[in-house]
Each structure stands twice: as structure tokens, then as C-alpha cells.
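Worksheet: the structure to be examined is printed underneath.
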Amino acid sequence: MDTVVLQMVSSLVSASILFLFASGLTLVFGVTRILNIAHGTFYMLAGFIAFTLTQVTANSPFKFWIALAAAPLLVAALAGLVEVLLLRRIYGRDVLLQVLLTVALIFVFGDLIRLFWGLTQKNVPFPVQLMGSISLDGMRFPIYYTLVMGTAVAIGLAMWYALYMTRWGILLRAATQDREMTSALGIDERRLFSVVFVVSCWLAGMAGVLASPTLSVALGMDMPAVIEGFAVIVVGGLGSLPGAVFSAVLMGFVKGFGILVIPQFALVFVFALMAVVLIIRPWGLMGKPEG
Amino acid sequence: MDDTVIRTVNLCKDFGGLRAVDRVNLNVKRQEFRAIIGPNGAGKTTLFNLLTGYHRSSSGEIFFQEHNITRLPPHRVCRRGISRTFQITSIFQNFTAFENVQAAILAYEKRTIDLVVPAAGLFRERTGHLLEQVGLEGQAHKLASTLSHGDQKRLELALALAGQPQVLLLDEPTAGMAVKEKPPIVKLVSQVVKDKGLTAIMIEHDMDVVFSVAEKITVMHQGRVIAEGEPQAIRADEQVQAVYLGGEVHAEGRSPGG
Amino acid sequence: MYSLRGWNPLAEASRRWFTLAAGVAVLALAVPWFQPGPYLLYAIDILIFILFAVSLNLLVGQTGMVSFGHAAYFAIGAYCAGILVVTAGWSMPWAFLAGPPVAAFAAFLVGLFCVRLTHAYFIMLTLAFAELIHAVVWKWREVTGGDDGLLGVQTMPPFDTPLGYYYLTLVSVTICLILLYSISRSPFGRICRAIKDNPRRVEFMGINVARHKLMAFVIAGFFAGVAGDLFVFFNRGAFQGIANWLTSAQGLVMVILGGPNYFAGPVVGAIVFKLLDSAVPKFTEYWLLVLGLILGATVLLMPNGIVGFLWGRRASRDGHG
């Protein structure tokens, strides 16, 4: 029973990170129709930047918080540059070109990370204030978990509020549904795309920093992350935020309990879930059928 | 009712909460030229999509020569003998006109899994003949994307005819054309339909075009058929006039909403 | 009589192209005498990846299916043949023949899932399946050797020498390229290109688009399997890296570098990529950085690839297009 509870909590933590990561991915696709395969690279970059920030502010008790605040913003700023200089030129063009441009970003940023940080794994320290564990049902969990879950919930609620309760958000959702409507509604499409891309990379950055104390920040962590992210948004439905929530939780649990069953092959369960969902509903559980 | 080629029974299509097509009962006879008119959003194109299997009906049935084709996918419906053109011309932009038609013939002749024979040499006579029929023999070698709008419409007609259909569904064949460009196309359509003995169903907004070719008109509004009959009767119908914003259904120009 | 003149990148090969092809063929046959030793091995590697890239382009450039998991079928071909030799004791020719059909079957299974999906889902799913296959290849130590790789794949005379293997590869790849070329010119190839251009219209011409896409996927997988076969006997083994996303991505890079709209595109792309692959590391250890910049530049500035760029210039020079 203990293992189950442990796995449940651990699954929720996974789900929280997955949600932050996948929500950005699905948002970008929903609005710009671009599949940002480099999403994982922004996630990874945030981890490395967080590492450096915590090194630089090593003596401060707030080093983690500084990193948490700053790294995603820096990543988002970089994303903004990328969007304006590069992505803008391939909107609406051949899918192959869009995909390969994001692949180019993966290559370039990957090697730049190697250039600045080298090949060794980095460790981002837990926030001093949240060290230690709390007791629940006789089991001990790192207090840090509450930060992760709490942040995911808070950001999730903020996004829900923004998208469903504000005028801007409603317009954005309309834009996702019907592309022609954006100009009719007076939305500057270019600005919309930029904002969405920047926000989505910020989300990836948040996921990256929050995840970093629990795993080693290392080159190559971008691809497994983005593949998992793909699995989440495929199951949840491309462009659907509620789908991302539901699916992240589902995936978190599938992964968590899959590891108990076949440690090496937890991935298989994830894929099996993807396959089953796609057979039954080819546009994901909460997505919209195209065409 | 031997003579009925296309028949729908209480055909409905819902998109979420919106009923786009509402209990439509259509009966089109052999070699009839039927026009479907109505304001935007009346469900005309959705009706075409249902007839050709592009959308699955929410309820109701579709019969083609007394075969139930309700559940068939588009490629099966096409094979049965129903061809279609689209409001926004749907051709192969990166092929020449010749290659466009050739591809359509290859499809009809079921030569599409042939992996060996070079396609360029196949069915050249028939392709040429079809291009002549639509007046494109001089443009055969031109890339479809460089053809004029009117010529692209002709090309699309050729594609639809390549399958030797019995029923031709035309979705706004003169859409996007200047007034003086329309008569040749209309004449071509009418001639082709007559020569080949086709049954035609045409969605159109231009009343001039409608009244010049249609034998019978179906008027749709908000998914329902609100009137059906011969052109003169439709022109005089009060409900139809009301639907077109209270004005008369003029023959001189385009109807409102078009 | 209707002729196919006018700017059309897929038009009949002119005499110029035949001469070029003949020249290339002569050079290829003569390579062993001009460039013995390591360059011969290098040429074999290039030939293998030419086949890999051309098979991928059947999907990408011809049918408009951006597959991000092509390496999986390459790897399946390689590992299948290799395992048959190492574990089951098959001799090279039989193992060689077994690889591609198994790869094609795997492509069939994956394709069943994937071909009906729209672009984004297709990319993600082909990547996901490839990662699954990659994971299997990597973790199933007992069968595939896991991290250490599959070793000890025996070839047989006369193919156990570089010269012998070079001719085997040259002949195999040439035959496969001829087959793939003939497919691209066939009615099936035309329909594939039509599917890329306007799948809805193809559907409304009475063609089951999904079935044709599946066929293309399987054929592409088959030839990737052949390339994998050639790889495993060349290297006397295989390693898990050949199934990873990077290998698939490299295939796509080769396609775009050369030009997806031309049969010769991926051929040129594979050669250029491999040349860069060996030359760049001599100047810098940041090969991916350079590759990324080149890839980005190609996407933004030369999206039709090298062949597209050259052909376009010739077309305007000759007064066409």
C-alpha cells in the first residue's frame, strides 16, 4: 500500500511537470499550427540557466527562487527573438520546412549548451526553504513536491482564467478554432503568434526549472521530454488545454505505475495509451476533428 | 420512381449544437438539371458534402439509383458515379493541365497501384480528348497554378468528367468570376451535361446562371428546404422572396448573401 | 500530340541528364582505382545513406508525408539481418534477403496506425513508434546486444573485402534507385504526388488515399531495410544509435539539402551531408551547431534544396519558368 501511495504522489508530481510542458506545446500548435519540436530544448536550456544562476548566487538563500523567476524569463526572451527572426518566415508554409527549422534550433541550441556548459551533468539545488520532507499517512514526501504541484495548479488556474474569463483569452480561443476570424476580430495575428510562442516557451522553462532539482540537467534531456510531451498532447488533443490537464494526469499515472511493472519499458505503456486513444478518437480525447 | 437518380430521406447533419442540414428530402430525376440556391449558411455545401460522403450524416439516408450510399466514403461514392467540383477550385496546382486530367483517368481506370509503367505515356488520347471538350487543348502543357481562374474551373470540370460520372455536383461553378467570364463556362457546363446525358445538381448564387440552365430549383434556408419547383414558380414564391431580404428574386444580378 | 514542355521539375529526363547519369556511373565504377583505402569505405557509407534518403523522399517529397521515424526501418533491416547471422547462424545472402521484408512489415504495422493522421499527428506518431523501436533495440540486451551493440556479423567472400563490398553496395543501391525511380514515374508515383498536392481531390477521384499512403509507407520502409542490410554487413554489426531520432532527422536533412521535389535531390543531399559530416569535425567539435545553421539557412533561403536551386537557375536561363 505504501508503494502505491508513494507512486501516486510521484505520479502527480510528474503530471504537474508534464502539464506545464505540454500546455505550452499544445498552445503553440493550437494557435500557430506549428509543432515545436524544439520545445524540449527550451526546457533543457532553462535547466542549465538555472544551474548557472544558482552558482552565481551561491551564497544567497534565495538562489533557487531567483533561478525560478529568471531562467524561464530568459528562455522566453530567447524564444521571442527566435520567433521574430526565424519562425515568422515559415508560418503557413510546408510542414517539412517548419519541422526542420525547429530541428535546426535543437541542433544549434544543443551545441551552444555544450559550448557554454560542457558535457557533464549539472545539479540544481533544492530551495533551502523547502528542504526536508513532510509526513503524510506515515509516509515521508519531499516538501518540494508541494511547490511543483502548487505551481502547476496555480499556473493552470491562471491560464484557465486568462483563456476563459478575459476578452483576450476568448479571442485567442476563437483564433484557435477559426483562423479567418482573427483578422475579422481585429487581432494582430503576428503579435498573437509571438505572444503565444513566448508564453509557451516560458511554460517549458518553468517546467525545466521545477524539474531540475529532481533530475540531472544534462544534454539530450530535450528529446525524451518532447516525445513525452507529444504523447500527452496527442492523448489530450492538439490545441486543447483541458485535454492537456487531463492527459498529463493520466500520463503521470501511467508512467508512475508503469515503472512499477516494467521499469525498463514504462515507455511502452505511454505508447500503448497513445495508440489506443488514437484508434478510438483520432483527434485525442478532447481535441477537435480537423476538416 | 424508376427515374430518380438521387434521393435523400430526412437527411440531417449536426455540428455540435448546430443543425446544418435539417430533414432534407431531395429527389433528383435522371438527366435533370437541378439548382440549389439559398443564402450563405443555408447548408448547401454541407448537403453536397453529405451526398459525396465527405461528412457522415447525423441521421437520414441517401440513395443513388436505389443503392443506399449513406455510409460510403468519398472515394466509393465517386466510383459509383457521382463526381464533384468545389467552390474553391480543387485541382493539382503543381501538375500541368495534361497531367491533372491524366491522373484523373488513371484513377478511374484503376491503374494507380501500377509501380512499373511510366505514367507519362498512358491514356494520352483520352486526356487530350477531355481537354478539348473543356476547351483547354491549347493549355495542356501549362502548369495548373499558372492557368487563369476560368481555365482552372474548366480543368476542374475535366477532372470531374474523367471519372465518367452519371451525376455531376457543381459547387458554385462561376464563383469568383467576373460577369463577362461566366457565360462561356455556363455554356460549357450545360453543353457537357447535355452531351453526356448527365444528371446535374448545381449550387449557385448568380440568379442569371441559375435561370439560364436549371430545370428545377431547390431553395434552402437554415438547413431546410423551403421551396422547390420550376424556376418561374420559385421566382414568384413569397417565402423565397422573404428569405432574400424581402426583395424580389431578380434575374439581373446576384442574390443577396452571395 | 501533346508534349510535356514547360517548367516541370518532374518532366522527362533530357539528354543532358542521361549523360550526367552515365558519367556518374562510370565514376562510381572507377572509384576503387582512384581512391583506394579509406575513401572506398567512405563511398560505401555514402551509397548506403543515398538509398536511405531516397527511400525517405518517397514519403516526404513525393507523397507529402513527413515521417520522423524512418530510422526505425533502417534499424530493423540491419538488426534483423544481423541477428539472423549471429544468433540463428544464417549465411549472409539469406539474412540479407530477410531484412527488407521484415522492415516492410514493421512499416505496414506502424503505417496502419499512422497514415490516416494529419500532418502533426503523423510526425509525432512516426517519431513515437520509432522511439519505441529504438527502446526495444537498446534494452533487449539478450537479442540485440543492447548498449554494446550487435557484433560479429559475418559476411562472406567475395564481399568480405572493401572492394567486394563496394561493388555489392554499388550494384544493390543502383538497382534500388532504378526501382524507386521507376516507381516515381509510374501511375502510383503520380498519384503519390497528387496526394501531396491535393489529397481531397484525389479522394474525390475515387482513390482510397489511406491505402495508397500505406503502400508508399511500406515501400519506403522496405528500401530503408535494404539500406540497413547493407549497413550491418558493412560494419559487421549494428548499434542502437541507428534507430534513434537523430538518424531519422539526418534523413530529413539530406532530403531538404538536396531538394524534396526532385528524385536526384536526396542523392545530392546525402552526398553533401556525408561530406560535411566528415569535413566539419576536422575544423570544429561543434558539428551539430554547424549543421543546424546550414539546415536553418537551407530552410529559410533554399527550401527547394541544392537541386532545386540549380534547376531553377537553369530553367530561367533557358527561358522557361
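Going by the order they are written in, the chains are A, B and C; count residues from 1 in each one.
The rule is short, and it goes like this: a contact is a pair of C-beta atoms (placed from the backbone, for glycine too) under 8 Å apart; a residue touches a chain by one contact, two chains touch by 3 or more.
What you see is a predicted model, and the numbers here were worked out from it, not measured in a lab.
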When you draw the chains as points and link the ones that touch, which shape shows up: line, ring, star, complete, or other? line
If I average the CA coordinates per chain, which chain comes out farthest from chain A? B
Any idea how many Å lie between the Cα centroids of chain A and chain B? 47
Could you please state the distance in Å, as a whole number, between where the Cα atoms of chain B are centred and where those of chain C are centred? 42
Chain A-chain C separation of Cα centroids, rounded to whole Å: 33
Residue positions on chain A within touch of chain C in the complex are 29, 33, 35, 86, 89-90, 93-97, 99-101, 103-112, 114-115, 223, 227, 230-231, 233-234, 238, 264-265, 267-268, 271, 274-275, 278-279, 282-283, 290
Over in the complex, which chain C residues touch chain B? Could you list them? 2-8, 12, 182-183, 185-191, 193-194, 197-198, 200-209, 212, 215
Where on chain B is chain C touching in the complex? 52, 73-76, 78-79, 83-84, 90-96, 98-99, 102-104, 106-108, 111-120, 122, 124, 127-128, 131, 140-143, 159, 162-163
Can you name the residues of chain C that touch chain A in the complex? 60, 66, 68, 113, 116-121, 123-125, 127-129, 131-132, 135, 139, 245, 249, 252-253, 255-256, 260, 286-289, 291-293, 295-296, 298-300, 303
